[in-house]
Amino acid sequence: MDLTVVILVEMLYAVASLILISAGLAVVFGMMKVINLAHGEFMMMGGYATITAVNLGVNIFVAMLIIAPLVVGLIGLVVERLVIRHLYGRLVDTMLATWGLSLFFIGLATMIFGNTTTGISTPIPGFAIGNYQINGYNFFIIVVAILLLIGMLSILKATRAGLIARGAMQRSDMAAALGYSPDRIYMATFFCGSALSGLAGAVLAPLVGLVPTSGGAYIAKAFITVIAGGPSLIAGLFSSAGFFGVVNQIFTFAISPVIGEVALLVAAVVLLRLLPQGITGKFFKGKL
Amino acid sequence: MSLNRRKFFASTAALAGASMLPRAVMAADTIKLGSILDTSGIFDAYGKPMDMAARLAVDEINAAGGLLGKQVEVVAYDTQSDMALYSQYGQQLTRQDQVDVVHGGILSASREAIRQTMRKTRTPYFYNVLYEGGVCDRNIFINGVTPAQQVEALVPYAMGKSGKKVYILAADYNYGQITARWIQKFVADNGGETVGVDFFPLDVSDFGSTIAKIQSVGPDLVIAPLVGGAHLSFFRQWAAAGMKDRIPLASTTLGVGNEHKVLTPEEGNGIMVAYNYSQELDTPANNAFKEKWADAYGDSNLIHEIAVSNYQGVMTWAEAVRQAGSMDRDALIAALESGLSIDGPAGKITVDPKTHHAVLDVHIMEIEDQGMKVIETLPQRQPIDTQAVCDLSANPDDNTQYEIEI
Amino acid sequence: MPGSLSKDAITIILVTAILIWVMPLMIGTYTLTVLIVYGMLGLSLGLIWGFGGILCFGQAAFFGLGAYTYAVAAINIGESTVPMILAVIVPAAFAALLGAMMFYGRLNDVYLGVITLVVTLILFKFINSTAGPQYLIGNARLGGFNGIPGFQTLNVPGRPDDYIWGDSYFYVCAVLLGLVFFLVSALLRSSFGRIAVGIRENETRMSLLGYDVRARKTVLFAAGAAIAGLAGALFANWAEIVTPSLFSLGQSAEIIIWCIVGGLGTRLGPVLGAAGLAYLKFLLGQQSLVDNTLITGLILVLFVLFLPKGVVPALAGLWKVSFGRRPLGRIHQQRRMRNRGRVNG
Amino acid sequence: MVETVLETHGLTMRFGGVVASDNVDFKLRARELRCLIGPNGAGKSTFFKCVTGLQTPTEGEVYMRGVETTHWMPHQIASLGVGIKTQTPNVMDSLSVFENIWLAARRFHDPKDANRKTQEIIERLALGSIARDDLGRLAHGERQRVELGLVAVGDPWLVLLDEPAAGMSAEDVERMTEIIHELNKTAAIIIVEHDMQFIRSIAQVVTVFHQGKVLMEDHVDRVMSDPTVRNVYLGKKV
């Protein structure tokens, strides 16, 4: 019984972390049809921003939830102005350029922080479920993911910016026709997407150690989750993260973490073969 | 930016120019020591200090007048934590640079990638890293700690402090696979029981499900031969789940790359390990070594187990060259097989003629406040695991890595 | 395409001969050999991407598969001829299956990218977790992260004790690259190649003309994989070890970068891009001033921004401007070609 | 008796709740020239796509020269000897005119004959002066003409054209009409078209689509004077 609860929590945690690591990529992809392959490195930089800030004496929650998203968002802004801006509408070129950026940032982080694994302790103590101890931080991640989804949903539904964003997602020329400069919308979107990546990296940093190449572990998963999710931003994110997270954990508990990862990847291939438009291309059509 | 780039191109051009010089120009008035280590990439926490140690040793040798009246020149390649580059640079060192000796290799995978090349080209090879044991090859000399020296000492101590049921979490490559089998053997020898073994590829960093699984089995002790930065998160997550005070941990690798300095005291304290070296060894030799290191590099904090092994390896080789009085490979091997020993920062190291492994001191330690506190010192342990299967004086042509069968 | 195949053949033979003679004077043959192998690998992606419009994020999978097939077969057979052939056939067959799965499912563009990337990851993760003694094919341990060392290397066919290594191995590789280059040229001049280019340009139109686009793309995909497999086997012989890093995404990324930098839609571009960048990486490995990865990344970004067609087409364009002649090979809107597909939704 | 080259029975295509093509029965005899007209969204294009295999109909069957082709892929249908031109210019932009037509010719001929056929078509369509130019650089009318060349070079017995005259100058349209008449000597032709001028100049029998159904099918003059048709085109000059 206790074990069932533990497994359930681990599953929720897996889903939540998939949502977190994919959110930034999903926003940028959903709004701009740009696949940011430097997404993983944005997360890595979020992690480093957190650790650096904590080492400078900043409260860990402030560092994770405010400083890291801001820092990475600003980096994203610079990247957008210098590189991405010139490549809109050229899907494959943006993929290649952001891939280059990802290598660049890995190199840069290596030169600045070195290649030694760094990390910080999780700020939340573990606690017991029956006879089992589990990592209390898992709950923090689950909560952050839920808040993130609710936040995104309410911004999209209830604010003016959200309205423009929804318009831009449906038809990119719509916002322009309404008198909003697409240039500024893209800038803002990329900032938000990068900030979300930074947040994810920051929140996950205490759990796993950080090296400049850490981002590589996330990008493939995020990429798969977003593409498999399909056109709807939030429904897609939620459904595909839910599907992959559960598949992953079932096989992880039944066999081993590696098989869990492989199961996730195989599920992705099968899913895309059956639903080439992603989950929400078939179901939940037209939802957010 | 543009300045940097220009500088970079200039240096590239210079490099290209240098590598195009005919080899004859660089006359053989120096002795060439090839070094092949991951000084960048995910294993550079191991490789960088090893590289520093090798250079420190060579500087020391040169300052004392060199070897056979010649200066020693380091020819170093950075393998960038890419196993494929080992074979490439290994060939480069032996065929093109024609070095006199090669020190290097970190992961067992990298050693196996170059060992045959060294053997084929008859270049003496020193592998100065703690490893899984069993390599039997007349061309290679190994001064790292083997399971019989380390695990055999660590297991009974750790089981004595915890209990009989042991769970093993190992890195999924030859080191972890073989070491896990040694642990199982020694657990059984000490009347214990292995209740679970899990292997993790080097890029696994999420151990949540594993921690739950361990609890459902309920061992008394967890032994973790985990390797590299990603695996370090196990120790973090273990502590974060509040498991540290429930089930004690031991490791055969934690601290080899100074990982215990990355973990906080709360995460690291109490983990049991056993190595040849610790920065906390309070011996005159170690204190002098730390001072030398600090003089050269400003700070002695980076020194770790295999950096010291590398230093001792270079020193062992230098001593053998002096005794042999020539750079001839067979004379060198003969000198090494004479039971040669040196006194290094970690104490006395003697070459075992039968196996080309080392007889050395092993310290059982516990991690305490980001240091390794010595609990017990076991002097001059023999590599009996390899001795049981390898006898190079009887079979000089042997070229195998023996694996333990259980 | 201007000129004839026989003219092509003469050019290729001459250039190969000159390179075999001149290059070893500048770079050691050992290093040259791997540059040639990478050149062949670059060509394999250059063929399917530049002329077939198939952007494969997992070309390294076929490279690794070729290398592993060779290593496993060589250990079991002990003579190199059959393993070499298998190393071409197995990746090609695997690609044919994968390609059929993707193209008959009408997967395109990003989805194609995701699937090839994921399949590469699966192979990598699988191979990487085979360190245990239970993973055995015949007499060959797969070895996991360690890879497989110590297999029979290339020998004179039928004479397992006459190894081809060192300089002779370099000649073998150079001649093989020339041969593959010639075969690719012949393929591109053939109807099949011209139709492939037509498919790259406009799939719908080609199917409305009565061509089975799915089958043709599958065949082309398999041909690219066969070349990559051959390159993998040659690499295995050169390195004398195969490791899972052959399957890594980093390796795939490098192949893509070679093609971009060298120039898509040309035969020579990917070959030169591969050899040039691999040599640069090799030189950078000997310095510690600037991080290697940073440079690679910077090169890719700068090329995408400022020279998206790559070096060879740019030089050919320059040649054309300066001398008013139409350069060899066609250079056409690679940019549009790369970005022709839009993501649905 | 004249052979039927294309026949559909109860062809229906639904997109969700929308019925784009509703139970269409259609028959075309050899060497007939037929225009499909109707207002936007009447189902002409859906019908066209279902017949050419670009879409698979929800219900109903398609027969070509007596062979059922309902679930066939476009390339299978084209391989029967059916020439197809889609609505927007659909050509290989970065290849030359010669290469474009050659690719079409190669499908039905060996390389040597393909060269000869290509030359023939280039002369017939008076494309000689631009034969070496890339399609991407040509004017709209020329591109349309080349696309007709792609269709013609396969010696089809059935030609399906979706808005061939769209966006063309009067002169271009005239040339197009000639080519179509020429094709019609050996092939049955279906033209989906908006341009009434063009239809009047070319058509004999016209099928009118409305709300996915066939509204009427008659000679062009009678269709033009029919009040229901006028009603359907409300406001449009007929």
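In this document, chain identifiers A, B, C and D correspond to the written order of the chains, with residue numbering beginning at 1 in each.
Keep this in mind: contacts are C-beta pairs under 8 Å (C-beta built on N, C-alpha and C of every residue); 3 or more make two chains touch, one makes a residue touch a chain.
Keep in mind that what you see is a predicted model, and the values were worked out from it rather than measured.
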Fewest touching-chain hops separating subunit A from subunit D: 2
Given subunit A and subunit C, the chains that contact each of them: B
Between B-C and C-D, the pair joined by more C-beta contacts: B-C
Subunit C-subunit D separation of Cα centroids, rounded to whole Å: 42
Subunit A and subunit B: spacing of chain centres that average the CA atoms, whole Å: 37
Mean-CA-position distance for subunit D and subunit B (Å): 75
Multi-chain contact residues (two or more partners), subunit B: 40, 172, 199, 201, 203
Junction residues of subunit D - those touching two or more other chains: none
Two or more partner chains touched - positions in subunit A: 110, 258
Contact pairs between chains, per stated definition: A-B, A-C, B-C, C-D
Contact set on subunit C toward subunit B in their complex: 26, 28, 30-31, 34, 125, 128-129, 131-133, 143-147, 149-150, 166, 239-241, 243, 245-246, 280, 282-292, 295
In the complex with subunit D, residue positions of subunit C that touch it: 191, 194-195, 197-198, 201-202, 204-213, 330, 332-333, 336-337
Parts of subunit B lying in touch with subunit C, wherever the complex brings them together: 4, 7-8, 11-12, 15-16, 19-20, 39-40, 77-80, 82-85, 87-89, 91-92, 95-96, 107-109, 112-113, 115-117, 172-174, 176-177, 199, 201-203, 403
Interfacial residue positions of subunit D with respect to subunit C in the complex: 52, 54, 73-76, 78-79, 84-86, 90-95, 99-100, 102-104, 106-108, 111, 134, 136, 150, 154
Subunit B - residues contacting subunit A, complex: 40-42, 44-45, 48, 172, 198-201, 203-213, 215-216, 228-230, 232-233, 236-237, 239-243, 246, 259, 262-264, 266-267
